[in-house]
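Chain IDs A, B, C, D, E and F follow the sequence of writing; residue 1 opens each chain.
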Amino acid sequence: MENEERMKRGYDICKQLDRHVSPHQQELSPGLHELTIGHLFGDIWSRPHLTLREREMITVATNIALCRPVGNHSHYRSALKMGFTKEQIIELIIQVGHYAGWPTIALAARQFAEVLEEEERGHDGPSRFI
Amino acid sequence: MENEERMKRGYDICKQLDRHVSPHQQELSPGLHELTIGHLFGDIWSRPHLTLREREMITVATNIALCRPVGNHSHYRSALKMGFTKEQIIELIIQVGHYAGWPTIALAARQFAEVLEEEERGHDGPSRFI
Amino acid sequence: MENEERMKRGYDICKQLDRHVSPHQQELSPGLHELTIGHLFGDIWSRPHLTLREREMITVATNIALCRPVGNHSHYRSALKMGFTKEQIIELIIQVGHYAGWPTIALAARQFAEVLEEEERGHDGPSRFI
Amino acid sequence: MENEERMKRGYDICKQLDRHVSPHQQELSPGLHELTIGHLFGDIWSRPHLTLREREMITVATNIALCRPVGNHSHYRSALKMGFTKEQIIELIIQVGHYAGWPTIALAARQFAEVLEEEERGHDGPSRFI
Amino acid sequence: MENEERMKRGYDICKQLDRHVSPHQQELSPGLHELTIGHLFGDIWSRPHLTLREREMITVATNIALCRPVGNHSHYRSALKMGFTKEQIIELIIQVGHYAGWPTIALAARQFAEVLEEEERGHDGPSRFI
Amino acid sequence: MENEERMKRGYDICKQLDRHVSPHQQELSPGLHELTIGHLFGDIWSRPHLTLREREMITVATNIALCRPVGNHSHYRSALKMGFTKEQIIELIIQVGHYAGWPTIALAARQFAEVLEEEERGHDGPSRFI
């Protein structure tokens, strides 16, 4: 039951962040899926002292810094959903880039442009960049 | 002259962030020192669309994620100066840590505790953790 | 002659690990190819004190942690060849992910799912994910 | 109550791994301490399909690869506690080092030598390398 | 006006390095584009004490070490333009790889082979690997 | 016998680079020591197409980019031995730093300043920063 609540809380936060659950991960391993929804979104993102908007800003900064090949696109969408403007996200990319190096700017700019392009075309349902 | 303005703007922002200029870097290379003060603080930190407080949050998140051996302490001080509470910084550490791994939490918690301890003792002048 | 032996030992270990030699690297540079087969597989993977299965587990953990864009797929195949079950590899991903951050889980889960899918379709010859 | 069980399970696993809880982190933030003991050790390390010994091997490999300035020493101790010999740990360092680069070997060798030295002197209580 | 000079200097260096300006970044954000051309290429690459050829070698080494998913291809082209031979670039990959790990060799070898193939086909205009 | 030659070649290159063999690593594991001297210095650093000076430049760039907590100091010494001036090394730090982030500049500047200070005092024998 406690677990049910965590899952519910996790799904609710994902919805607020406009995140689509990866069918991929769920099918591969229900246990891993529960960790992602229940622990990461249900337990961590719901903690006090920082707003969802601040947590999204922190997460985007972290992900740009780590320069991962996949998994960043969806957080640009969440950041737009949380009310960040295009200009603010570009400044965030520039700020992180000075601490993490120019190639992190280059990757982030490319990924963010792809997300903006998809938004403009008015996608519905999960992005092709989950 | 343009350069003088950038340096002035950079020093001014450093002051707002309670940053003490590393005598180290200045002595080693005046050219590098100018880049840090004039370009990084004067040109980048002063850009529009994000507040200094937001840029500090982004920078602390980036630095925790990259888990550098040195250079993070001073940004915890700047974050406190920008009005973040101890509780907010701990939440920031937890949020970044879930995206960058538990050892980044362990290092950040240790470094932040060192800064808090120094603050409580009422340091004056540059921190020993520049 | 010594070199011939190292190459032979390297190819033999690659075969045990179900690794297909990248035609790519061999064509680009025979010298680099010799280092990979002769030194990495011939000299290092054949060292005592750890079994091939243990070395594969260590290598997969390292590769997930480093979150490289390419080069991990083939090691999931080698891990399956070494007798690790799907469930064990998922647990390995979860364990590493807590020390290296959630995006490493996301990338690893996606790459491992791609390997499993290919295995199920019964590929023969080198994987498209060399 | 569920939380109490997680904490108990976490402490129990720490004991099996000869881990001393950092007084540091507990004092800084009870909430973070609960996450480390309850979630990381209580929920993750206790998962099925891999033994504690295998999870320790995976964790040491991950930590060497990430080359963090602090936090690795304690896992060499846990690895010795889990029955790995000095020779096996050195081979693990060599294997990871070929995938993560020579400086990760240099740091790991230095940190492991420090742990061995402390062990030989017969420390009691927490290591100075928590 | 000072800015105009920096941009001119930046474009001039890009031309010497056979770099094609990413239309992508310019369209997304003229401000970011100015930073890349004016600051990175105009101010940094034009600094004294190192030749363009040496700066290219340093940049390629850095990029291989960081193992970024995108953004390295164009620098192999610039390195060829700066007079490095295929053999020298392969040695550079091997040298970096021993300090940054074998997967950085694997990614670099693949990316460099893609650039060579494109060169051999005699591309004109921007590479598909900008 | 072949191994003896590799070790001799490795020691010879270390001498040219003014590198002092870590007694640490040799004592911990003769096998690892042989890999470092025989393979890394004997086999890799002696390869053709790049000079020792170029290999040192590449290695310093890689190490700055990876921002390791230890192991970089000795390479600044080797770079000085290879004829790089203080100004050139500072430019190398600035160039890498723009691709790897400002904290890599901060760490490198600090470490290089420590090496210069030791050089000025006229150290003999191994540096305290091996």
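Keep in mind that, in the parts below, a contact is a pair of C-beta atoms (placed from the backbone, for glycine too) under 8 Å apart; a residue touches a chain by one contact, two chains touch by 3 or more.
The structure displayed is predicted, hence computed values, not measured ones.
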Contact-richer chain pair (by C-beta pairs counted) among B-C and E-F: E-F
Self-contact between copies chain D and chain E, residue sets same or different by half: same
Most distant chain from chain F, judged by the mean position of its C-alpha atoms: A
Most widely separated chain from chain B, with each centre as the mean of CA atoms: C
Chain C and chain E: spacing of chain centres that average the CA atoms, whole Å: 30
Chain A and chain B: spacing of chain centres that average the CA atoms, whole Å: 25
Separation of chain A from chain F, taking each centre as the mean of its C-alpha atoms, in whole Å: 40
Contacts with two or more other chains, residues of chain D listed in rising order: 31, 40, 47, 62-63, 66, 69, 90, 94, 98-104
Footprint of chain E on chain C - complex, ascending: 22, 24-25, 27-29, 31-32, 35-36, 40, 63, 66, 68-72
Residues of chain B that touch chain A when the two form their complex: 40, 44-45, 47-50, 54-55, 57-59, 61-66, 85, 87-88, 90-92, 94-96, 98-100
Interfacial residue positions of chain D with respect to chain E in the complex: 97-104
Chain A residues touching chain E - in the complex, by the definition given at the top: 67-69, 90, 93-94, 101-107, 109-110, 112-113, 116
